[in-house]
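Shared between the two complexes below is subunit A, which pairs with subunit B and subunit C, respectively.
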Partner chain A sequence: MTLLTVDNLEVDVAGRPILRGVGFTLTRGETLGIIGRSGSGKSMTALALMRLLPQDGQARGRIVFDGTDLLSLDEAAMCGIRGRRIGVVFQEPQSALNPLMTIGAQVAEGIRQHADVTRREAASLAAETLARAGLDPARVSPDRFPHELSGGQRQRVAIAMTVAMRPDIIIADEPTTALDVTTQARILDLLRTILRDDGPALLLISHDLGVVATMADRIAVMDEGRIVETGPTRGFAGRAHAPQVRTLIAAATLSREIAAPVPPLPEHTPAEHPPLLAAEAVSRRFGLPRAHPLAWRQYRRAVDQVSLSVQAGESVALIGESGSGKTTLASLMLGLQTPDAGRIAYRGQDIAGAGRDVLRRMRADVQAVFQDPYSSLDPRRKAGWIIAEPLHLAGPIAADERDERVAEALREVGLSPDDANKYPHAFSGGQRQRIAMARALVTRPRLVVLDEAVSSLDVVAQARILDLLARLRADHGLAYLFITHDLRVAKAIARRVAVMHDGRIVEEGMTAEVLTDPQHPYTRALLASQPDFSAFAA
Partner chain B sequence: MNRDFLNARLLAGAIIVGGVCLMALISLVWTPYDPLKLDIANRFAPPGPRHWLGTDQLGRDVLSLLMRGAVGPVGVSISAVTIGLVVGATAGMLAASSGGVASYATLRTSDFLFAFPALLIAILLRETLGPGMLNAMVAIGIFYIPIFIRVSYGASLPVWRSGYVAAARVAGRGSLWIATVHVLPNIAGVLTVHTSVQLSLGVLAEASLSYIGLGVQPPQPSWGRMLLEAQTLLPISPLLAIAPGLAIMVTVMGFNLLGAGLRQALDPRGAFIPESEAVR
Partner chain C sequence: MIRAFAAGVASLLATLLVASVVIFAAMQVLPGDPAQVMLGVNARPDTLAALREQLGLDQPLAVRYWTWVSGLLTGNPGVSHTYAVPVSDLIAARLGVSLPLAALALALAVAIGLPLGMWAAARRGRAVDRGVLIVAQLGIAVPNFWLAMLLVLLFAVTLRWLPPGGFPGWDAGAGPALLALVLPAVALALPQSAILAQVMRQSLVDVLAQDFVRTARAKGLTRGQALRRHALRNAFIPILSVLGLQFPFLLAGTIIIENVFFLPGIGRLVFQAVNQRDLIVVQSVVMLLVAIVAVVNLLVGLAYAAVDPRVRRAA
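What follows is the complex of A and B.
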């Protein structure tokens, strides 16, 4: 039975066309996955269904839900449908919750909005729903505030708020994008349980093909405001014809895009060749807030006795979820923080006691690309200036030679030398990450540390950057230390992986061996939470 | 909001502030009459073609007094804010960069300074160094330091934690380079707006200090002391109080308009939306 029919939906925002001729149906109990790149119109579709478009947004077409056209309803009638019959889970649980209300009160508020119940009934219903969403009241009391919960727990609260009213349709817009893989897997399990128990239809929006492939009965692919392909999940990959879909699938499975394979490592004898960069039993701890002013300060060990080395020309992936200490380790190895114990050695020399010359050579040799492409470029400097910043390491340099090096770096990362005169805000996320890469390459380094350098990009942009990294490695014999929470990415780029958990490296070895025969329980959990493409690809 | 209106505020503020500063500068080389010359025979002359704003109880030309009287508030305000800005912004920026003990010490020192009212500092300085314009500058300047420490600390903290500062460190740049090349330009907007607002408070502060005799010393004229002297003469010649009062009000309003206009013009959210954000 058809619950929702969207017919020729068109949306303009501020006069710009955003959606064109979008049409799909959703039957009771069905899960429809909508995938597409960032900016393809997925989220705008969800907002249009809820009639929550931005103020200057205009929607035309028909959205028929249970016999009524939602676009013809007035705001008051719409309020009766939002939350009660169509519920939404947003990407960022942090901003979806009110920081000043306890989680129990927030869930209860939604219940009282739509159902005629007493305060006490609403509270007990809220507690029940939170328990159903996997927040055991014995461990996570409904009296807690959002900031006392982890990201995954907050998303459970958001889901509880949505399912409390047992809506007919749940719209989940990137519900797990902000979470790491193991948490993501648990949230997806929760959604499956709710689908089984309550039987609502689910509209799952994601740029992550893996999430959609494991959850959806049917898939719709969006590109530039249109639905370019739609069909059942089983065998979707085999049937898809639209070129955008093929690109998306290839990018998500990283099957085709990585052109250059991981090269074999030249033979090393460790005694003669100390590793390019090594952490030797380093520890770093952070002070926690004191319980009261006279209390002893408690410390948390972010990095605990970790040793990790990178040989020249070698690619190493450091895997772990958020909070495992991998970013702290990277920052120690880059010399941005000083270890409390242990040492960081560059070509066998401790950088803590090293002179200026050694540090300059290390800085020129070891460069970095950081996670957030929006904060890693100074908004007040032009791209050319940003890329040239590390060049001073090689000593004074003439202006025309500097411009030549910048142009060369820009070409290297697939941008045009003319881009040197633009400010960062003129570039997309993927392009910004290329500029950051150009800045890292301009000194012709031997090692680039990439801290979650592709995780904020959509899959297609991700695949292109990984492709670029593989090519640069082939051309220049670069070594990479690749920090990621994404096993798929680690597998594509690294010869060796180290798995970090709670500040320690719990498993280390050749990528192929670790990922096929994991020893540590945490690595196994990590592998088990990888999405399964088999039905989708069949 | 209407951008033209905002630009109008900026323009109005700039014209008033520019006018007052110009007036103060001109008064140093030329005034209609010597503001210090007494002319007892001609005291309490009403406004007229010879004395546009009349004369005071000692026969001095009020317009000339008003012009020269601008030197105190404007000069003290600008130098005091400069002291506060240079010392405070530098300290705040460096405190944000280091964290740890140095940052703690800087912030606690600024809390300590906050605890003293400006007036108390001014009285303290007069007791130790004697009254005068220079001491008023220092007193108000000290009062400004913690304000600017707070502002620049808060504004620069996220900049120091940003990816591009980490990238600059990886590029081998030291703290001084990062502070001047990356941090300062990115907090300049906040500092500019704050400076113009504090300038208006500085004018008021100087006027108050002069009013209680801690600022510009006689016989040099100043708006604050003109108000004080006019107070007892209010029934005889209300204009003697109205003229400096209006001068203070207009100048303060000018700096406030300038600050409000700058805030709108420099706030990136009002100024432009980057394309990448517009899509979302």
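What follows is the complex of A and C.
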């Protein structure tokens, strides 16, 4: 039985068309996965269904829910639908909860809004729902505040808020995108349990084909504000015709054209050729807040006696969950933090005691690209200035040579030299990561440290950046230290992987071996939580 | 919470100790000899020396510092050189004017500024919002002494509703005293309320754009409920800092307003004491202001902790 029919839905925001005639149906108890690249209109569709468009947004068309056109309802009637009949789980568990309210109160608020219950009844119902969402009251009390919870736990709170009223439709907008794989798998399990117990229809929005493929009964692919293909999940990949869908599938599975062959490495004899960059039994600890002003300070070891080396021309992936110490290790190896113990060696020389010129050479040789393409570029500087900056740090350089090097770097990353005159806001997320890459390449480095450099990009942009990295490695013999929580990405880029857990490297070896025959339980768990494409591709 | 309070008090005491040393040292370095100023340029050297001895200016620095600080602690920092009355009495009388004036001005600024800011934020981008922004810009740009004179012209000279200046003292009853403070408080409050309105508006607009407000709406809350229950409390956090900065300003930064309205307040006292090299008064008043700023900071910090659970844990 059809529960929701969206018909020719058009949305303009500030006069710009975002959705151009979206149509789909959702039957009771069904899971429909909507996939598409960032900016394809997926989230706007969710907001339009809830009538929560931005202030300057306008929707036309029909959204018929249980016999009523939602677009014709007045605001008061719509408030009765939101939360009670249709609930949403938004992407960012970090910002989707009110930091000043306890989680119990935030769940109870929705209940009191729709049901005629006392404060006490709402609170106990909220506690019950939180427990149902996997937050055991003995361990995570409803009196906690959002900042006291992990990302996964916060997402459980968001889910509890949504399922408390047992709505007919749950819209989940990228519910696991901000989480690492093992947490993602647990959250998807929770969603499955809720689907089984309460039987709502689920509209699952994601750019991650893996997530959708394992959850959805049917898939709809969005591109540029339209739905370009729909069909049952089983065998979807085989039937898909639209070129956008083919690109998306190729990118998500990182098929051949992306995973360029890893060039063989010349034989090294360690004594003669010290590694390009090596961490030797480094540790780094951080002080925890004191229990009371006179207490001894407690420390947490973020990195605990870790050794890791990168040879010239080699790609190494460092895998692990958020909080495992990957980023701290990277910043130690970049010389941005000083280890409490152990040493960082650049071409066999300890950088702690090294002279100015060694450090200068290292800074030119070892470059970095960071995760967030939106906050890692100065919004008030043109791309050309941003890219040229490392050149100035290396010493004086003539203006025309500088411009030539910037143009060269831009061409290398697949942008045009004219882009040097634009500001970061004029570029998409993928293009910004290319600018960050150009900034890294401009000093002609030997090693680039990429800290989750593709994590915030959609699959297609991700695949293109990985393609670019493979080509650069082939052309220039670049070495990479690739920090990621995504095994798929590690597999595509790295010859060797190191798996980090609780500040230690628990497993290390050739990529093919580690990922086919993992030894450490943590690596096995990591592999097991990878989404499974088989049904979808069959 | 108790821990935050203890830590706050400890840092307050440390601040006051450092401040007392710095203030005392600064006074010694300043040019101008109080005895010389009191007796005039033609004073005979032996008279000067006698007066110095009488004022205790011939004592070693450490002794004079200790006399002053221990006096501060017992509530009697010394005797004013020019007024020949205990500094504590002098300050107490002046605080009796300045403190109610500052409190009244702050209350007015809050009562005017915050609702205006909220109103503008709730109707952001519309005519009301633009109107409030323009008025707030004007309010910040207009000097308060000029505003004060306009107020006097309108309400005291033309309408004769309120006294144009002077202070009858609290002995004459609360009514006339409060009436005398109304115009100066309004003159002080309007520019401050313009600042508060702007901060409130911006803060609320920022919070309203955050995801958790959207989450609240998705739960079925109306626009107004989401604003009241979720946005406002978050938006008040920056307001606390601004209020913490405004109160000391209102208390001490009122020399001009006190002159316009002939009010015997702290601002005028400092001004006169500096002119007459009445060091003991200057350093005691400055010390008092430092203490008030430090206490206000402590209160702001505690208010932060009360509002924001994230601060509560870090503190």
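The criterion applied here is as follows: the second predicted complex is superposed on the first by the 531 of 538 C-alpha atoms of A that agree within 3 Å, B and C clash if a C-alpha of one lies under 4 Å from a C-alpha of the other, contacts with A are read in each partner's own complex, and residues count from 1 in each chain.
By our rule, a contact is a pair of C-beta atoms (placed from the backbone, for glycine too) under 8 Å apart; a residue touches a chain by one contact, two chains touch by 3 or more.
Remember, it's a predicted structure, so these values are computed and weren't measured experimentally.
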Check: subunit A superposed: clash or fit between subunit B and subunit C?
Finding: clash
Next item on the list: Check whether A:Gly87 is in contact with subunit B, with subunit C, with both or with neither, and answer first, second, both or neither.
Entry: second
Note to self: One more residue to check, A:Met161. First (subunit B), second (subunit C), both or neither?
What the structure shows: second
Notebook entry, point to check: Just subunit B (first), just subunit C (second), both, or neither: which does A:Ala426 touch?
Noted result: first
Next item on the list: Examine A:Ser376 and indicate which partner it touches, taking first as subunit B and second as subunit C; both and neither are also allowed.
Entry: first
Margin query: Once chain A of both complexes is superposed, is A:Leu52 in touch with subunit B (first), subunit C (second), both, or neither?
Written below: second
Next item on the list: Tell me which partner A:His114 touches in the superposition: subunit B (first), subunit C (second), both or neither.
Entry: second
Note to self: According to the stated criteria, A:Arg363 is in contact with first (subunit B), second (subunit C), both, or neither; which is it?
What the structure shows: first
Next item on the list: For A:Thr516, select first, second, both or neither according to whether it touches subunit B, subunit C, the two together, or no partner.
Entry: neither
Next item on the list: Looking only at the overlay on chain A, choose which of 113-121, 149-157 or 185-193 in subunit B hits subunit C.
Entry: 113-121
Margin query: Based on the A-chain superposition described above, do subunit B and subunit C contact any of the same residues on subunit A, and if so which?
Written below: none
Check: If you look only at subunit A, which of its residues touch subunit C in the complex?
Finding: 50, 52, 55, 75-76, 79-84, 87-88, 90, 92, 95-101, 109-110, 113-114, 145, 147-148, 158, 161-162, 289, 292-293
Margin query: Show me the residue ranges of subunit A that touch subunit B in the complex, using the header's touch definition.
Written below: 39, 331, 334, 336, 359-360, 363-364, 366-368, 370-372, 374-380, 386, 389-390, 392-393, 425-429, 436, 439-440
Next item on the list: Quick one: which bits of subunit C touch subunit A in the complex? Just the residue numbers, please.
Entry: 3, 6-7, 10, 124-125, 210-212, 214-223, 225, 229-230, 233-234, 307-310, 313-314
Next item on the list: Provide the residue numbers of subunit B that touch subunit A in the complex, in ascending order.
Entry: 162-164, 166-173, 182, 185-186, 274-276, 279-280
